[in-house]
Amino acid sequence: MLSHPTLPEAPVSASCHDDDHPHEECAVFGVWNAKDAAALTALGLHALQHRGQEAAGIVSYDGRFHSHRGLGLVGDVFNDPRVMATLKGNCAIGHNRYATTGATLLRNVQPLFAEFAFGGLGVAHNGNLTNSDSLRQELIRRGCLFQSTMDTEVFVHLIAISLYATVEDRLIDALKRVTGAYSLVVLSEDALMGVRDPMGVRPLVLGRLPGEDGKEGSWVLASETCGLDIIGAEFVRDVEAGELVIIDDNGIRSLRPFGETKPHFCVFEYIYFARPDSVLEGLPVYAVRKQIGKELAQESGVEADVVVPVPDSGVPSAMGYAEASGIPFELGIIRNHYVGRTFIEPTDHIRNLGVKMKHSTNRPALDGKRVILVDDSIVRGTTSRKIVDMVRAAGAKEVHMRISSPPTKHSCFYGIDTPERSHLLAAQHDLATMAELIGVDSLAFVSLDGLYRAMGDGRRERYCDACFTGNYPIPLVDHDREHGPGTA
Amino acid sequence: MLSHPTLPEAPVSASCHDDDHPHEECAVFGVWNAKDAAALTALGLHALQHRGQEAAGIVSYDGRFHSHRGLGLVGDVFNDPRVMATLKGNCAIGHNRYATTGATLLRNVQPLFAEFAFGGLGVAHNGNLTNSDSLRQELIRRGCLFQSTMDTEVFVHLIAISLYATVEDRLIDALKRVTGAYSLVVLSEDALMGVRDPMGVRPLVLGRLPGEDGKEGSWVLASETCGLDIIGAEFVRDVEAGELVIIDDNGIRSLRPFGETKPHFCVFEYIYFARPDSVLEGLPVYAVRKQIGKELAQESGVEADVVVPVPDSGVPSAMGYAEASGIPFELGIIRNHYVGRTFIEPTDHIRNLGVKMKHSTNRPALDGKRVILVDDSIVRGTTSRKIVDMVRAAGAKEVHMRISSPPTKHSCFYGIDTPERSHLLAAQHDLATMAELIGVDSLAFVSLDGLYRAMGDGRRERYCDACFTGNYPIPLVDHDREHGPGTA
Amino acid sequence: MLSHPTLPEAPVSASCHDDDHPHEECAVFGVWNAKDAAALTALGLHALQHRGQEAAGIVSYDGRFHSHRGLGLVGDVFNDPRVMATLKGNCAIGHNRYATTGATLLRNVQPLFAEFAFGGLGVAHNGNLTNSDSLRQELIRRGCLFQSTMDTEVFVHLIAISLYATVEDRLIDALKRVTGAYSLVVLSEDALMGVRDPMGVRPLVLGRLPGEDGKEGSWVLASETCGLDIIGAEFVRDVEAGELVIIDDNGIRSLRPFGETKPHFCVFEYIYFARPDSVLEGLPVYAVRKQIGKELAQESGVEADVVVPVPDSGVPSAMGYAEASGIPFELGIIRNHYVGRTFIEPTDHIRNLGVKMKHSTNRPALDGKRVILVDDSIVRGTTSRKIVDMVRAAGAKEVHMRISSPPTKHSCFYGIDTPERSHLLAAQHDLATMAELIGVDSLAFVSLDGLYRAMGDGRRERYCDACFTGNYPIPLVDHDREHGPGTA
Amino acid sequence: MLSHPTLPEAPVSASCHDDDHPHEECAVFGVWNAKDAAALTALGLHALQHRGQEAAGIVSYDGRFHSHRGLGLVGDVFNDPRVMATLKGNCAIGHNRYATTGATLLRNVQPLFAEFAFGGLGVAHNGNLTNSDSLRQELIRRGCLFQSTMDTEVFVHLIAISLYATVEDRLIDALKRVTGAYSLVVLSEDALMGVRDPMGVRPLVLGRLPGEDGKEGSWVLASETCGLDIIGAEFVRDVEAGELVIIDDNGIRSLRPFGETKPHFCVFEYIYFARPDSVLEGLPVYAVRKQIGKELAQESGVEADVVVPVPDSGVPSAMGYAEASGIPFELGIIRNHYVGRTFIEPTDHIRNLGVKMKHSTNRPALDGKRVILVDDSIVRGTTSRKIVDMVRAAGAKEVHMRISSPPTKHSCFYGIDTPERSHLLAAQHDLATMAELIGVDSLAFVSLDGLYRAMGDGRRERYCDACFTGNYPIPLVDHDREHGPGTA
């Protein structure tokens, strides 16, 4: 008799990161020519908090550079008016970090600030360079000094060693050396700059605050449009893939350091990362998610009594599923938003009680029902299993799981913290085994076709969907060098 | 010409309490005969965090009493394993506090612990005594020493001065002296006790954790069933209005110190305070809220394109409204759950930008639409106005506001932090003026009849709805003495 | 063969309390009619920091009472200007606490503030009531509620239950109920009061700050004159044994609630507790200490090369010894004043290295020398042993220890934290055994006669020297009740 | 008539740095092959705390590098056992920092750690490079990235860009590029290294801990011998001027990268910086200080009643003065060692009261006396003036100040924080004017000859006494370039 497949044991954790989602690593923000620039930056970072909760930092400039960085939420790092008062100036950049390694060290918090031949420079970065290890080793051999483990430091060294004279030329020189996915916001003494990698994998948007009393207005850069909305800035446009925008006292200029490039925007931003009220590359995130739910209903409909989202990310897709299927949408799972730090070290006793810090079931909405659970993705499968168990314990007669993304079979190398392939449930098991492992009566993922239909037809080639397809649009320089090509 | 009515200026605040809701003051929790009693209490308090976020405390007993209290969320106050390790014992009680006055002083944090003739006693209290000022003055005249400003201290002094011998008799003696709304959890050296006032205004439920290995199980008391669910405890029943349950090594006993009493459970718990997954007095909160939304749709239907909740509390009613009306339910407003402390002192400049820390609009779901906004209540009206403005700024063509409670015209004296009547919008203006002040095209509240229909027929006399009707079931001793009867 | 006597193992501790001295429990301070009263109080407490380092608190009054208390040094508890700004008013009292029990709980920090029939009252207390357990039990039986374990709370309850009308009469009523050693500073809405027990065991001095611009000056109360000096206040006089001074808008009055009393001031204040620059009961502390050193030299002279103090408390006596003996005074032991909290949990390895956080030897001043070590007292003997070992390791050929107090053979019940008799080295062993245990070539204590000679003749009956003689001038009510009379 | 000279207004400050001494900038420590290496380093830094109180850091190595740095005292930065537990390994280096600029930024805290071609490297530095600005500009032009403002970073970059292969060769290469005063402790993956500049201006000593159980012992490097003493390490020898010691698994080697060099040890270490129990370059600090006092008495004797030190640094010299003059030594000024942070923002009122946080007078020892005050140096003169005023206010009839160093007429560029010449009292005024400004009846400094006599004859050329003589043994590269040669 064959042994039964089992899930790796779920990490028993009560932290805010106990969920089993891929994690975005960062948000960036910048503002030029605005009163209270640092305060506006703090607000922008607050609106972008979902992209990184481990650390935050701001660099401002008023003839001199000022900076403050710390571990924690934006509201914790910048809650002292005396600190805000030191961040003087009419321009500023900021950064939220999601920690990829166990402990976020303070030396790894952005924006990175350094002194160059041409003056100071602050840099905030969202993404991941695929040739950073190679570059790092080369730079170290050359005598460059690395004081952190961040990709951003590689980039900043490339600016430092560039033989060009101006910040702008050095920045472009550096950009041409790096491979990978990145959206950068850069503050020099003369300009605020924003740049997206040639494929435009990570988002970056441009906005504008009207000036008061007939004065010149302000320019704003943010990872998502919700970072504009919070301060009342108007959305102007997405910074384009491969575009460098330079904002200075003469206005705004657009450069194309890489010439024409072919965009491949991260499709997972629509599925999970971005805030639902953001509009990225012309598509409203919320509408895409709802539409995916509709596609799911059409592709993998099942008879049931209620459609229940795994909150918060599964809500719009579940709404779409309910709308398309006619099955009532119910809040069968409640999320406790007060979860902060881990605060109870679980004993065996507590572990056996099946304590859930973050989710609880709304029993009357589940008891005796055939339940369609809608979630955005399955990574390791451990959280899914726990949630299914909860829902069954609340009396659900059947549990059918519907996932608003295709199976996640490949790791991301472009700025998202995913486990290695060997820990991706969908990379290791077929659908039937996955269903068994997760404990559901049926399991379905939206198809890749369905996903792209939800996003509007004919645009498929404009996206990066490597996590589903393994088609990596940007060379995995470091990975291939270490593991050999085609192993990702 | 008449001058135009205007709203009082909205408080410009970025804190987590900038919303314009009534505020619950407390949660209580207790556990008897359980391993890790303090950890279970911390978990229970975490699940009840929505009832009070300003301070938390736990008292445990293992032959000696142990206690820890602090300002902040449960997860902040109890995040040090070394602190948890000091809270030894198999029984514990806990408390979450919502601060009614500007600054929560540490000396006002519960549970209150004191030493009596019969030994130590910990007391945690949710509610408000309506004769506490009178009692306090009497007790002070008698020589009692008040070290805090909490009602709970009045109650504890009454126990201390009682001439009865046993804890139980003294507790009952004290209960007979106080008037008001209260749910108390009390831990003595011999027993865990729970009691609700004769009207049962505030909730308290009883649960049970099965014992391991054939051992005797544990008893649990909690403000709401969600406090049982998090630790896997079974709901046994509500503690009844006017009931005192005493749990000790001989099991559980039920006493009726006030004889038969007529329950008047707070109807606002269903509308706003309780967590949607709780079941109170036999009614699931979530189902009641949805049903109110349906009643609203029937009573005050209006042609529109979308039904949009003010999250999170407006969501179930909006779902019900949408279901009943057939108008699509959309998440047109997004809530940022990362809001913690106030962190930006708003300059005029930032104030003018209309910064909203907590809510943002999902423009694509609102732009060009006729919007039905569903919220749970209007207190001062200031937040409503801001949200309506946001929704219009996002392109809504029409805004119709529907409120899932009747107009709040009277202050609560039973444990809810509401402003004085003079600051209650509905106590000062008629519906048309209110609509004008809030800036909506139409405004409707669910009727009192509609509300009770939503809760199931024929039970109306079992509730306290004084905030809507002014029918106060419990005498307002202190208030009447100061302001004269009939002035509330 | 007889077994060798050994010392109890020295507690391996690196904290600032690793020394083996008796510990003072508190300092009190009060100021009336002064601008910046709370700031002056903080300064006074800072100058009195040597009397208690575990916690500090201030209560001020400006029509309302304000208070702030916390764990740590005065400079830590009051280092936030925003906190100081809340302590408004022209009068204030303050308190430093030395923790007698393992952990100082915040609820045990003074001044205690409570609300009475006549208004608020703040009380700060230095000393120990010898009938507090008896009173406490009686008060609890009466229905009084104890929220801390401090003697002060007993006293405050007695004020609360007094049948007299005025604060003053109630205070006197309470004073007559308590037995023990105490110096109290009390702040009511109308007056600042200071009182010493009938024996005047603990110190309390009265000072005066001149008024600015012809205005009425300020009155100051402090545990020692150094608390006056820091703010430039003039010393007026000691509050007398059994005196109650009442300072209000009509000036200062002196009452004698106990009639004529016989003073017994704590002789150990001169030996160790008080700061050397203080003048207590007319005697300068520094001069007394030097003179004791001279007496020691005359009583127990020994041939040696250097006189070395155990810093800081042994310095003046060592100077006196050197002066009288003609043997050079040398700083052979250096004290590290940066020691704050315990910061290294000592492994066996570190313990074996003999790490000393607080003292180090100045080898060139000791190597090859016959050393006379001068210290103020021996309690358990553990620290003495460590210091002797250090001095020998630094090359001392001989070590002769001279102690500037008679042998400490009895516990203090009047406000000093001493171990039980069974842990007092001098209560258990004769001089020869003590010398052997401590590892010295010779050991001598100043005689009781020598001590009193050093303090000026004929005043012996004015002091409490119970720790040396067992003659307790104040009845040990609680102790005798529990252990039987004559057992202390 | 000429206008009267006046002192610049004394900074009103209550911090621990309100005194008017030159300030040492750093302590370094390192240990190789020892259990609990990080704990030993913390202890060593604790003993060296007098050399820097603003920040502390440790880097350890156990196959990987570990590091922790923070603002505050060693006992504050390393008080969490969980932090200590992360600093694994048998070798470690550490650093205490005195902040030279207003706010110590966390990015300026040492040891600096960076990643090189050859692996990681931690560097801790005491001293000052006189060509760091020049080098910094050159390195920045070359493309080096500066993330702090510390000299140490210059040094580390020079290692990084060296074309040599081994750490050792690169270190030597870097050493040859820098000019200045420095003692460095360096930890690589293979070795612990210590180096002093060619003149050996700043101290560095070598010690040894015996191995347990026949195992190989440990090597220790420390700024002063008191850093060895605390952990029971034996003093082996001073690292020599211009010497590089390399400690690895093969033992210890000594290199002389600069060939033979002429030592010029900082004479001020003996006068003020070093701890009295340290022995530096063969001379015990304490004995030198006492001897200077004797020289002072012989050079500038004056009739008086008492010799009073300004504690703590003036104590040994005052003892020497008293011994030589036969005038009694008295503790006329008491120092409050509990002073931590500034905690009272002084209002005019408090300023006028003449509050002194750190020193108080022992009136009985001063009143009516002719006082010789002994201090170690006069920098700006502001603190001296305050102390003289205090002493007169305590009743001194005459005040004669004697200074145990020659007049400080020149700034230090070798690692000591002194004001510019224009703020040095002795650089601006003759002796008579200085006496008048400070308010003394007479003023005398020890002569340069007297100083050197006190240190033993014939060694004068072995010291740096530039602060007294202006003879700078190391070129002031940056200063001369900016201000012109001969302007220091």
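Here the chain labels run A, B, C and D in written order, and each chain numbers its own residues starting at 1.
In the analysis below, a residue touches a chain if its C-beta (ideal position, glycine included) is under 8 Å from a C-beta of that chain, and two chains touch if they have at least 3 such contacts.
Note that the structure is predicted; figures quoted are calculated from it, not measured.
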Where chain B and chain D overlap in contact partners, by chain label: A, C
From chain D, the most remote chain by mean C-alpha position: B
Centroid distance [mean C-alpha coordinates] between chain D and chain A, Å: 49
Geometric centre distance via CA averages, chain D-chain C, whole Å: 35
Computed distance of Cα centres, chain C from chain A, in Å: 60
Multi-chain contact residues (two or more partners), chain C: none
Full enumeration of touching chain pairs: A-B, A-D, B-C, C-D
Of all residues in chain C, those that touch chain B in their complex: 106, 112-117, 140-147, 153, 156-157, 160-162
Chain B to chain A touching residues, read off their complex: 35-36, 39-40, 42-43, 46-47, 49-50, 53, 73-76, 78-79, 81, 84, 209, 212, 226, 229-232, 275-277, 279, 284, 286-287, 312, 315-316, 319, 323, 328-329, 331, 334, 336-345, 347, 349-350, 352-357, 360-365
